[in-house]
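In the two assemblies presented below, chain A is common to both, partnered first by chain B and then by chain C.
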Partner chain A sequence: MLGSFFNIDGGYLEGLCRGFKCGILKQADYLNLVQCETLEDLKLHLQGTDYGNFLANEPSPLAVSVIDDKLREKLVIEFQHMRNHAVEPLSTFLDFITYSYMIDNIILLITGTLHQRPISELIPKCHPLGSFEQMEAIHVAATPAELYNAVLVDTPLAPFFVDCISEQDLDEMNIEIIRNTLYKAYLEAFFAFCKDLGGTTAESMCEILAFEADRRAIIITINSFGTELTKDDRVKLYPKVGKLYPDGLAALARADDYEQVKAVAEYYAEYRALFEGAGNNPGEKTLEDKFFEHEVRFNIVTLPTTVF
Partner chain B sequence: MSLFRSEDMALCQLFLQSEAAYSCVSELGELGLLQFRDLNPDVNAFQRKFVNEVRRCDEMERKLRYLEKEIRKDGIPMLDTGENPEAPQPREMIDLEATFEKLENELREVNQNAEALKRNYLELTELKHILRKTQVFFDEQEGGSSATESMTRALIPDDSIARQAAGPVQLGFVAGVILRERIPPFERMLWRACRGNVFLRQAEIETPLEDPATSDQVHKSVFIIFFQGDQLKSRVKKICEGFRATLYPCPEAPSDRREMAMGVMTRIEDLNTVLNQTQDHRHRVLAAAAKNITNWFIKVRKIKAIYHTLNLFNLDVTQKCLIAECWVPTEDLEQIQLALRRGTERSGSSVPPILNRMDTLENPPTYNKTNKFTSGFQHLVDAYGVASYREANPAPYTIITFPFLFAVMFGDLGHGILMASFAAYLVIKERTLGAKKIQSDVWNIFFGGRYIILLMGLFSMYTGMMYNDVFSKSLNIFGSNWRNNYDESTLMNSKALQLDPNSTAYFKYPYPFGLDPIWQVAENKIIFLNSYKMKISIIFGVFHMLFGVLLSLWNHVYFRDRLAIMCEFIPQIIFMCFLFLYMVLLMFIKWVNYSADTIDVKAGPYCAPSILITFINMVLFKSSKNPDVCDDWMYAGQGFLQKLLVVIALLCVPVMLLAKPIMIMRARKQHQPLMNAGHTNNAAENGDAGYQLDDSMQQVQPVPAHHDEEEDITEIFIHQGIHTIEYVLGSVSHTASYLRLWALSLAHARKSP
Partner chain C sequence: MSGKERLAIFPSRGAQMLMKARLKGAQKGHSLLKKKADALQMRFRQILGKIIETKTLMGEVMKEAAFSLAEAKFTTGSGFNDNILQNVEKAKFKIRTKKDNVAGVTLPVFESYQDGGDTYEFTGLARGGQQFAKLKKNYHKAVVLLVELASLQTSFVTLDEVIKITNRRVNAIEHVIIPRIERTLAYIVSELDELEREEFYRLKKIQDKKRIARKKTEDAKAALQKSGVVLEQPANMLDEQDKDLLF
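The block that comes next holds the complex of A and B.
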């Protein structure tokens, strides 16, 4: 019954989405791309794929940054197109995706202004998916409270920011805390939203978000060693949605060094595998790389089943 | 023969001298008769031999697109003479490249200058507006200071008291210009960030300004912000920067402002002259380019196409010549040879190219030669499916059937004339209209199908005459063969009267051509026409379908496929004839045997049977129940004959379904062992000529390119099943579908008055 009404709202976007998925480069394409010797070769090969002529109007010689910009532009155009045609609950879902980019942009801008960089230099570095109207005026704020009251209160990020309001100055440490608190609130809200939606969305998205939450918890813990972040503060930054919640997070909160974190991960099969063979020596994959690899694999598995 | 079948194709191998290859391919391209095969499918696009040339063409195309964009922006008409320039020689490519490079650079430089000038101009205009608008603000402030003061006092009494105590406070201000749509968030942000301690006034700039980067027209507003203290000043400035507002210095004293305004005005005027000169220069450059740009586009595309084709070729070991494989219509081999010779001459090469025919087992591509008249119909047919190689091409028959069936529905002489004259206009003017290259989709549909529309119009005129319909009115050319046989008083007193064909009202012979005009005034015109058009539609439909089945026979005979004739064509034709052709026959029997002017009741209108009911009863094996005075059957032995026909027709279905696959299976089983022993001639006994042919070929060449016949037996069964179901259900549903001819004709007749 649900399926018979699906096409009213989702039919067009479903079609688009499937099309985009087919447009993703295949293994064979990558094998060909490996053989490319110059960026011109790459351009020529991409002309035969769904990327088509997105570089056709660029004068040679090509630069990597140009390709990067064009690809991002393409992504953003396609995303905005889908967002513009979306109805509830998909529109909220897509908005949630942009929030993480918004958080990154805010942090980037604040860090930039902290280092006395002019705002005009920072704006091009922001991801266009996460841009919002008041973004460029962000350097007005000197404290988190001001940031909230002047800039963020109008943005959808406002509810996430409520936990970070304090009168402290914005310094490196505080920015990191703000970033992680924002992310925690964002992940929890997104998780709750997906859970509410139920169905396939809940199944696949909750898995992905839970993994993201766990990864953040572990990375925060490891990075906090040797800084002035207290254990109590650290606990506040853990997103409470992952598989580690609640026992794993409690154990992580007590951890004092890398070995102890590893010991916590031992209890969870998938994370244990990630810790094994991870190292900081050259030639070895770092833990972050391992996490990233796992995430990608994870997304590939869930992609076909995710029906927006 | 080639009108009715696709062209006879041959696979050819072409040896071209490296230096002559380019001009030869160019000549062949102008001919458009060859289909080249990709001889290096495993090689990446960027590893092919002429990839650099293709890339250079890409680059040239990019430059041309840039030029075209700029030309369009200025609205300069692009000259399109419709001529078709030859592909330039490779050495001319460098000249072209240089020309484009020069043009692009020049244009970019002009654009850059223009942009800088425009930016300057924009800034000055904005400043002019600021000075003008802020004047109003300042005037208000000075003139109505008491009013503002009372307002402030009412809102924040403490502050105003403090201010009065400290005397007038020096207020700072900034003035600037901002995009109009950004004002609301800008205002909100100012309020929040400065906690309401700033005062913002704004006024709209009425005329839209031009954005120098995109040259879009944008609406902007002038604003002025009053504040107190340096901290607020830096904050306000930051917000302005964040909202991309441009701030301008604005002197406080009115005299300074006036002076500045004067200065700005003179500078704007100076700039205007410079801007105009730049614009003129740009226009000149673009106008020169616009004359040639279509030609250049065609040239570059031709070069690119040639190199793309050359990339499909193989290089031989000595690197001296290129080897190509292509499909060629055998009839046009002469022409191709000529083109090759021309190409060789042009390149000045001494060694002539060699064209070799190759033997192949591969299925050649279908190529139908068309001219401007048949191409529309061919496209129409191809939209449904392209026939296999050498299969009968249905397009020539469509030239008649398609417009005719349309006309059955559209039968109206007046509408037909309109349609035909519109199409005739397109046909007569096709040269000039075609050269215009109108891009509209709807127009192209009409223009592409102009001959179809012309024929549809002409046929509609004919059927319109048959229906005696001119804009839903009748023509009484020969005089109606009915007359009024009532006296005046009867006529005056009754609403409707009936004319009996069996009386003096009818002259006993029909109207010479088409429908009698009397029907136009008849109350039961629609009912009469319905019964007539319904039957007509079915008759046309059945004959149309029979014709299609007969075409398949022609195909089978051509391919010597005896099995298909026996197991497909014959049951199909029996099925069609025994059910549907029989129904058509019944219609004619009814028309001939029953009439109004007879004394015999059994042959009179009262006893005339309904063909539809008769047909339904026939299929359901029911006997028809007629009133006692009438015969149960239309002729003697009808009941038995009908049962026999239905039974035979139904028996044809399993034959269609199973016979061919079973025969193939048996044939395979029989000659499998024989083949091993080396006897192939026995296969002929299976009544499968096509088979034998193929098998003997397989013997000659152990690894054939295509194993068409070796397909799985289950697949054959499934295929045949689908085919049978489609045919049986299709013939029933198509017969019903032909009723649409009547339905649409009815709709046309009902709608037009």
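The block that comes next holds the complex of A and C.
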């Protein structure tokens, strides 16, 4: 009987979502786009798809950055529409999606403030999906620690900072390390939330998040070879919500080169398959490409498959 | 263009010697300058060839670099650009200037060197790290090539100037200085000849006059002798007339 109560809260948004899904560009559209010679051709082709006239008011000559901005604007408008119509728990779910953009924005703002850039320069560069009310107030802080105490404590991201970063860490750590630590906390929180919701959400989302966690652990390990990142620091960046937790992560923490990482992945069937075809020679797909494809496959599965 | 000009100088043997020396000097200078111009031209052509080569290579490298930028943007979302821009503090890639000497012309040469480690080694740690590494490598290659191209082009421009100047000087010596000196020499020689001729003519005239004067006195003497009056005039001391030693 749960199905009959679903439409009260989610019916409108589900309909909207299916509509959006049908509007996604298909293979035929991509073939057409590949045939285009200029940006004007691209605009013409896009007018025939669901993207419609989003570029209609732009003066020619078109620039790639303009198209990029307009596409992002369209996405943001649609997302915010859905967010505005959502109730619990969907609203929290959508908020979680925005947190990853918020993390990026905060990192950008911290970096900018550290280098004394004026706040008016930084705000337009933030991703609109990740904006939060206290963004304007960031310029009062001079160091990341001050920033945290004054501003970040009130944002929804505060718990992520609390779990793993102390005040001195903020000042000393490399900005990218901070970003990855925050992201780890975010993934774990998202995972816990989805699991609580149970049902189909838990099934599909937990799969995706587990894969994301594992993928991050593997990629961080591989990318940290040859850099100053120590093994202990590395362990702090591994999210604990994937299939690799706890044994795989421990093994990864000890790994020194690509072969050892591959050996760890051998224990997990789907990851072994990904390592098979990857390589660094031109013409072969790199490991990251393969991970990407795998993730996309997951996402396709979660899309509603009912034909109507 | 100067036509029949020559140097204003008093024609004398000394002046002639001077002019001969100057002519020799001008000719030596001309051949030396010509050698310099030829050496510079050779270097110029060499540089031109290298510039063409580097520019075509540059086109390909930039294309590859731009494409790897698009790949990195695709993998990580386009926010990293701003992050990197914000993080810029000190230049990690610097240029030194050195001087290179070609046939007396100093050409500036730029040499690039890395200063300090890689501040961005953690960018894309969790996602797109390989793309970033490729991107960094490609753009590094592009910048190195750009520096090389810059030093080639500055030397090209400098050499061009110097070659123009040297050629101008060579032509000036060949078409103005040397002809002028030659004309001056010719003038001096002609003047000297004329002076000689004048001297000669003067002497001849004096000789003639002397001959006529002698003839006159002898005629007068003969006439007197004929008329029977022999006037032996004693030598007059006051009437000293030294016979010309020459004639």
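Convention: the second predicted complex is superposed on the first by the 269 of 308 C-alpha atoms of A that agree within 3 Å, B and C clash if a C-alpha of one lies under 4 Å from a C-alpha of the other, contacts with A are read in each partner's own complex, and residues count from 1 in each chain.
Please note the rule applied: a contact is a pair of C-beta atoms (placed from the backbone, for glycine too) under 8 Å apart; a residue touches a chain by one contact, two chains touch by 3 or more.
All of these numbers come straight from a predicted model, not from anything done at the bench.
Q: Let me test your reading of the model: by the given contact rule, A:E188 touches which partner, first (chain B), second (chain C), both or neither?
A: neither
Q: Pick one for A:Q35: touches chain B only (first), chain C only (second), both, or neither.
A: First partner only.
Q: After superposition on the shared chain, which partner residues are touched by A:E133: those of chain B (first), chain C (second), both, or neither?
A: first
Q: Of the partners chain B and chain C, which touch A:E14 in the superposed model: first, second, both, neither?
A: Touch partners of A:E14: none, neither chain B nor chain C.
Q: After the superposition on A, what does A:I175 contact: first (chain B), second (chain C), both or neither?
A: second
Q: Quick check for you: in the superposed arrangement, does A:R216 touch first (chain B), second (chain C), both or neither?
A: In the superposition, A:R216 contacts chain C only.
Q: Tell me which partner A:P59 touches in the superposition: chain B (first), chain C (second), both or neither.
A: Touch status of A:P59: first partner only.
Q: Determine where on chain A the residues touched by chain B overlap those touched by chain C, and list them.
A: After superposing on chain A, no chain A residue contacts both chain B and chain C.
Q: Show which residues of chain A lie in contact with chain C when the two form their complex.
A: So the residues of chain A in touch with chain C come to 68, 104, 107-108, 111-112, 115, 117, 122, 125, 127, 174-177, 180, 183, 216, 219-220, 222-224, 227-229, 237, 280, 286-288, 292.
Q: List the residues on chain B that touch chain A in their complex, please.
A: 44-47, 51, 54-55, 58-59, 61-62, 65-66, 182, 185, 188-189, 192-193, 235, 238-239, 241-244
Q: In the complex of these two chains, what residues of chain A are touching chain B?
A: Residues of chain A touching chain B: 32, 35-36, 40-42, 44-45, 47-48, 56-60, 119-120, 133-141, 146, 149-151, 153-154.
Q: In the complex of these two chains, what residues of chain C are touching chain A?
A: Chain C reaches chain A through residues 75, 77-79, 82-83, 86-89, 121-131.
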